[in-house]
Amino acid sequence: MTVVRSTLPEEARRIAAEALQDTLVDLLGLSLIGKQAHWNVVGPRFRSVHLQLDEVVAATRAQADTVAERAATLGVPPDGRPETIAKVFSLPAPDEGWLRDSEAVQLMTDALGAAVTRLRERIDTTEKADPVTQDLLISITSELEKQRWMFEAENVPGTS
Amino acid sequence: MTVVRSTLPEEARRIAAEALQDTLVDLLGLSLIGKQAHWNVVGPRFRSVHLQLDEVVAATRAQADTVAERAATLGVPPDGRPETIAKVFSLPAPDEGWLRDSEAVQLMTDALGAAVTRLRERIDTTEKADPVTQDLLISITSELEKQRWMFEAENVPGTS
Amino acid sequence: MTVVRSTLPEEARRIAAEALQDTLVDLLGLSLIGKQAHWNVVGPRFRSVHLQLDEVVAATRAQADTVAERAATLGVPPDGRPETIAKVFSLPAPDEGWLRDSEAVQLMTDALGAAVTRLRERIDTTEKADPVTQDLLISITSELEKQRWMFEAENVPGTS
Amino acid sequence: MTVVRSTLPEEARRIAAEALQDTLVDLLGLSLIGKQAHWNVVGPRFRSVHLQLDEVVAATRAQADTVAERAATLGVPPDGRPETIAKVFSLPAPDEGWLRDSEAVQLMTDALGAAVTRLRERIDTTEKADPVTQDLLISITSELEKQRWMFEAENVPGTS
Amino acid sequence: MTVVRSTLPEEARRIAAEALQDTLVDLLGLSLIGKQAHWNVVGPRFRSVHLQLDEVVAATRAQADTVAERAATLGVPPDGRPETIAKVFSLPAPDEGWLRDSEAVQLMTDALGAAVTRLRERIDTTEKADPVTQDLLISITSELEKQRWMFEAENVPGTS
Amino acid sequence: MTVVRSTLPEEARRIAAEALQDTLVDLLGLSLIGKQAHWNVVGPRFRSVHLQLDEVVAATRAQADTVAERAATLGVPPDGRPETIAKVFSLPAPDEGWLRDSEAVQLMTDALGAAVTRLRERIDTTEKADPVTQDLLISITSELEKQRWMFEAENVPGTS
Amino acid sequence: MTVVRSTLPEEARRIAAEALQDTLVDLLGLSLIGKQAHWNVVGPRFRSVHLQLDEVVAATRAQADTVAERAATLGVPPDGRPETIAKVFSLPAPDEGWLRDSEAVQLMTDALGAAVTRLRERIDTTEKADPVTQDLLISITSELEKQRWMFEAENVPGTS
Amino acid sequence: MTVVRSTLPEEARRIAAEALQDTLVDLLGLSLIGKQAHWNVVGPRFRSVHLQLDEVVAATRAQADTVAERAATLGVPPDGRPETIAKVFSLPAPDEGWLRDSEAVQLMTDALGAAVTRLRERIDTTEKADPVTQDLLISITSELEKQRWMFEAENVPGTS
Amino acid sequence: MTVVRSTLPEEARRIAAEALQDTLVDLLGLSLIGKQAHWNVVGPRFRSVHLQLDEVVAATRAQADTVAERAATLGVPPDGRPETIAKVFSLPAPDEGWLRDSEAVQLMTDALGAAVTRLRERIDTTEKADPVTQDLLISITSELEKQRWMFEAENVPGTS
Amino acid sequence: MTVVRSTLPEEARRIAAEALQDTLVDLLGLSLIGKQAHWNVVGPRFRSVHLQLDEVVAATRAQADTVAERAATLGVPPDGRPETIAKVFSLPAPDEGWLRDSEAVQLMTDALGAAVTRLRERIDTTEKADPVTQDLLISITSELEKQRWMFEAENVPGTS
Amino acid sequence: MTVVRSTLPEEARRIAAEALQDTLVDLLGLSLIGKQAHWNVVGPRFRSVHLQLDEVVAATRAQADTVAERAATLGVPPDGRPETIAKVFSLPAPDEGWLRDSEAVQLMTDALGAAVTRLRERIDTTEKADPVTQDLLISITSELEKQRWMFEAENVPGTS
Amino acid sequence: MTVVRSTLPEEARRIAAEALQDTLVDLLGLSLIGKQAHWNVVGPRFRSVHLQLDEVVAATRAQADTVAERAATLGVPPDGRPETIAKVFSLPAPDEGWLRDSEAVQLMTDALGAAVTRLRERIDTTEKADPVTQDLLISITSELEKQRWMFEAENVPGTS
């Protein structure tokens, strides 16, 4: 059922759609593992990390929504179903159970770093295909890189 | 690592924890398929159903957070990771691709109805074990039943 | 026309529906006589009682809405039409014309007290049938009892 | 008990008071049947009509309050008791039970239309008696006519 | 210095201007005596009357601003200087010193009543001259009559 | 296609509709030339006039919406299409290019003055036909006259 | 009169200015026909489409303001006068009179689609000339494409 | 009637009361002439001065309220009646009629300057008598001096 | 002086009243020691714990108010006087002087844990006597258990 | 454990600290007896006094927080534990049980009056030692004296 | 101490970091001279320019924060210390002392113009190195160019 | 150019002006080093200290504005230019580069402590010269001492 027509030529649409679908899974996955860490974190920095993680969740949920609606806008139905996320999501993720605060911070530094690396590739890929999609990916990268910095800065050891 | 001590006796804790973990997966799953339908719905009722679905997403996300933190409060680490949801979630869910408005409405009626049936069993199970957990499940049921009614009322055919 | 399916077994649905319909009439009636007193009160305490009555009206209107939608949720169409209220409503009510402030306060103490007595019976009746409905009736009772206290405390005579 | 003195001559007061009392009953009745339809509407347009009806309820409740307080201001105690509404209210009204969306829309078009016709007569009647009351009736008419248009526009059949 | 040209013919402008200037003095005077009573009221109803008086002050200040700007709009410089108010203001007013609550209530009933009587004459006078000015006077009258009612209702004696 | 029935007799409807359609074009035109001046004004008073013009734009846009919906309410489809405005709009308007601040102020004084003159005629015309429409035109006139005063007062030369 | 100096070289300024002026007319035109459809739409989806159209109007009005001020910033006086819009605007537009809901939805899908096609050309044109202007056009395109999707998704026929 | 007992010794109370009563008249007078100038100002700076004057009015009204309630707090009934202001107020004030913008600015500079001079004397007088009253007078002086600076800075002639 | 009549039978009232009075003292005590710790905490986690403690204070103050008003509602005057709290309060509490952050966290874990244990007993006791009171105690327990978890999670030692 | 160094010399610190600690107990005590009266007041003025008392509670809670943090700022750990309040607090306080409205008003007049007397002594004591602390005590005195006035004005008998 | 790892290759990081550090100094300098002019401006346009300058300060402060955090995000510690700004800042700046309004407007036109010229170079430089940084610089340029236009438009001489 | 006349005698003005100018530099310097630390802080307490530093920045920016405008009010042009801050600012300040969290906390404790010492001297100096300026310096000292306490309390070592 082709219901929404794309405003892009076919090849450009294909490239943009793939970049968007991959980004959607990364963002939904980040929002889920962010919440998982938000609930399971323990340790002296609990409260601070608990609140910080919810900011990642809020950011990635809003970004996922924008990304999915951009895909639909291009005539490509986005796929954010549980089984799709579970199958495709490949960023670093927490194990089951309690998570020490320093582990949670390291995990988010790694997961956000990996997400950024993948986004930067998609920024290149979409430059010609669709500058509107590229602009969206740039703004997501900007936000996730900032979040990553704040986690990394937090894992620098205190003075002994 | 046993980090948070329960304020409940062991058996009661086990019962409440199981009810909460199962509810958590149902709610996270509902929030994901709610968004999936929000993005993929098409048809004359697009705008109305698109907005209505986001209310389900907002409600189930907030409820999932409360449920997961209640589990942690009882000393049981909640599990809301992508692979857990994919493996355990068993409510009716959409296929990939565009979704006609009437299909989306029927889907949510069914999914919410199934969720409510399972919640009512857990309300019975937790009555003795933990009235605090039971009270939380009652308020979630109340909200989901209301949402279900609004979808069902919407699928009554118009006058011919 | 059976349009909304109940999520309850038939007998439970019947009990809950009756409790909700009776409560709906009580609440709509209270909101109407609350406004009637709000408009017709006179006396030195006019302003204070005039404002206090509007809080009762706001509370009972919101409760009536929740109760009626709970009935619909259970597959039972609620009935809040003028003729139904006039026929069924049986709580103490004001006569036509101006109302002295002390009379208004006494009237609301009596009307709210009678409503609470009836609600407490319905809390018992619905305990087995539907704990979700029971929980709603408990919260309404809590609010109306508090309103009743504030009117009763106000009718204690001043120091002579 | 004559407690509030009118700022109008007797005959003018009588005319204005009658217009206000009749309007009060119409508005309270509209707010009650608006809620009745809000709760009982079913059909594909459920959500849209459900929300639209609540705007009528909010508008008529606020107008009823202003009208009743205007009567009191003129020294005439307003009467908005359940039995008065049931006895006097004569605009089109719904039967008991579920209401199809198109029926609800037609009902409100008719009820609002009848209310407007009656209001226009009272605008004429009060012109000489009390321009302040007339101005209030004009503003109510303006709002109800707008609401009527929106229901009527909604019942124009879709393209076949 | 004729700086702002009127949009009205000369005679209409003269009539409207006079009605507005007289109303301006009444409103500024009411706002000053309202504050005077707000500060000096004593007695068991102190708090209630203290708050009620501030509503009169807020209303009359806002109305005075609208009235004065309407005069300027018609090309007539409004005069709200202290000496003008002192010379022209002729509504009932408080003496120096503390004011019992019942006296304050009676004073406002009388002052607002006198203001309304004068406004009603100006509503007649301006009908032909300038319906825009008349409409403004009608809305001020509506508000002041309501305030008057609330003070008068408050001075009805309590039950013995 | 006659889709919305008027609540007025035919002749009254014709008169009110014509007044509303003419007013609609005036208001849409004022909002467009207000924006044009807002963008192109230069001179020492740039910031003050730039902000003041946006208040005219906001006011006339809101009024145009009310006026158009009033026409629809009376069963007459309003016409606010670009070509209609261009063809019918006849108030003073700016030339292409930068506009000195004093020119912008003079232009708005003239354009608003001309609009008010035309509105006052329509207030007369609609008095018998439809007091609800007349009341709307009165309130628009009141606002535009005030805006005109503020521009005119601003063009009085400073002290030399 | 050259009053605002450009921060761009002459040729770049010329290219950016043309892109901005053309975009300004498209956006002002869209805001006018959006309102026209908002007022004249009829049919079962009236309320939903009526509200959706106002979102297009709000978006295009805000965008038009940004675009016009960007032109002024580059030293080029923007032209948004009624006659300019009427002469230059060439996107699909409604005829006079009532508009069925499906026609309104189709019209907006077409008009927004045509606007997007033209914007994409201007994104190319301005890339070298002025990346700041290009970035603005990209964000406008992003928003209009999303609006277009929501109208198109809405015109997919319901299940028979 | 001595109704409110002072918390100060008699002599201190007398000194503080006199300072407060004199300040009250100055502030009420400033608020009245501020409004007078707000309504009657004309000239190229109309809008800017019109808005600035309303800030003086808002500030002095709030300060007058605090000062009067401080007097009542000390057991001294404040006097802010029209005739008292007219008799006692002695700061520079405007004549009847339109007021050029530069005259309004000069007037406020002078009136605020004179008020500040008088306040500084009262700050000295009340230092021993009542540091609470002194602190209030200091904060009023701080605000009025700031307002005075802003008017004075505005009357520095522009570059020729 | 029996001034407020209970809506409960005598024995039920006695049980509910005792549970409420005991809870009131626990909550007022928790709010006081929460503030004491809020002011005296020192150590690297000062800011985080300082803020967290204020959330406990806000929660327990609001709960104490609800509990006391529930007692009054049942016709039993609540007792929250300083000497009563000092005499009856028996939860873990801080010594005088500065409090290290880890000690503050441990203290709150213990105090909240003890409060919860006592609340759970009262939930049992009041089940039959008064489900409205029980429901209130359940919601307080839910909140305090959550607060306890957050303190306990915070005292899990960091990674060495 | 000396953890926070004072920014004052030792003797000044001692004087300021004592003034602050004594004030802290007075304020916490006032907030507790204010709530006690808020819950137990009865009589015709119930609602008015009930609300007024909550304003005292809100004010004294906020002031206590500021005072305690000022002590900590000076390097002195504040003591606001239940046993300290019970032992040290010596202002007039209510007995157990219901409290007539006039008694509550008299009690607060007396308690606030006594608190003010003590604060005025501390204003003297701290003048040389620490003007920052003195300034804080002045502002607290100002607020409490105003509250005292409002209660005292309220206990002036009504006209017989 | 290398504490935050860059997500960019070394050379790209060096280019982006230099662009960001230079921009940071420009923005902090602009915010400081904006405030300096805000405080020292005098002349007939004082109020308007005083307010306009604060908008520049608010904008440049927010931009400086974003730019500095972007540098940290790239692993480069930003330098915004007073001595660095004083040494490096080279945009046009005011002398000590009062500043006539026209001088302040000219100064800001020049300083913003110079800042924009430098930003446009950095937009070129960073295009390949880091599109995320480039996008940030584009949005800052857009805002500063708009501010520059508004100052320049304001310095066009008035009509003689 | 003497443009704003002082409301103080010459010697008092000189003393107050010097105190204000010195305070202005301290506050602007604190706001700059506060931001510098906000951007460069690293370590386990990153998030908490990062947020805390922004509160210092917000406070000192607002205080600097008040202080500079107070100087202008006294007829003395304030000097807050980059070169003035760099030359005069002498409080402890950070080096270039990343800053460990404990170092940042120590730095702010020292810098705020030094600022407070200097402010206390100015409080003495200005007591006779200008109590309005003194009052301002007292309130700034109060806020900065509180900020210093919170940093110092945070650097107390945790339990080993």
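Which chain is which? They are A, B, C, D, E, F, G, H, I, J, K and L, in the order written, and residues in each are numbered from 1.
Note that a residue touches a chain if its C-beta (ideal position, glycine included) is under 8 Å from a C-beta of that chain, and two chains touch if they have at least 3 such contacts.
Just so we're on the same page, UniProt names per chain: A, B, C, D, E, F, G, H, I, J, K, L = DNA starvation/stationary phase protection protein.
These figures come from a predicted structure and were not determined experimentally.
Interface matching across F-K, G-K or E-H places the copy of J-L, with more than half of contact pairs shared by residue number, at G-K. Over half of the residue numbers at the chain E-chain H interface are used by both copies of the sequence. For this pair, chain I with chain J, the centres built from the Cα atoms lie 23 Å apart. Put simply, the C-alpha centre of chain C and that of chain J have 41 angstrom between them. Chain centres here are Cα means. That of chain A falls 32 Å from that of chain G.
If each chain is reduced to the centroid of its CA atoms, chain D and chain H end up 50 Å from each other.
Chain I has residues 3-4, 42, 44-45, 48, 69, 72, 98, 102, 135, 153, 156, 158 in contact with two or more other chains. Shown are all chain pairs that touch, namely A-B, A-G, A-I, A-K, A-L, B-C, B-D, B-G, B-I, C-D, C-E, C-I, C-J, D-E, D-F, D-G, E-F, E-H, E-J, F-G, F-H, F-K, G-K, H-J, H-K, H-L, I-J, I-L, J-L, K-L. Residue ranges of chain C in contact with chain J, taken from their complex: 44-45, 48-49, 51-52, 102, 150, 153-159. On the chain G side of its complex with chain F, the touching residues are 1, 3-4, 28-29, 32-33, 35-36, 39-40, 42, 61, 64-65, 68-69, 71-72, 77-87, 89, 93-94, 96-98.
The part of chain F that touches chain E in the complex is made up of residues 113, 116-117, 120, 123, 134-135, 138-139, 141-142, 145-146, 148-149, 152-153, 156. Partner chain J is touched in their complex by these residues of chain E: 41-48, 50, 98, 100-103, 158.
Residue ranges on chain E touching chain F, taken from their complex, read 3-5, 7, 69-70, 72-74, 131-132, 135-136.
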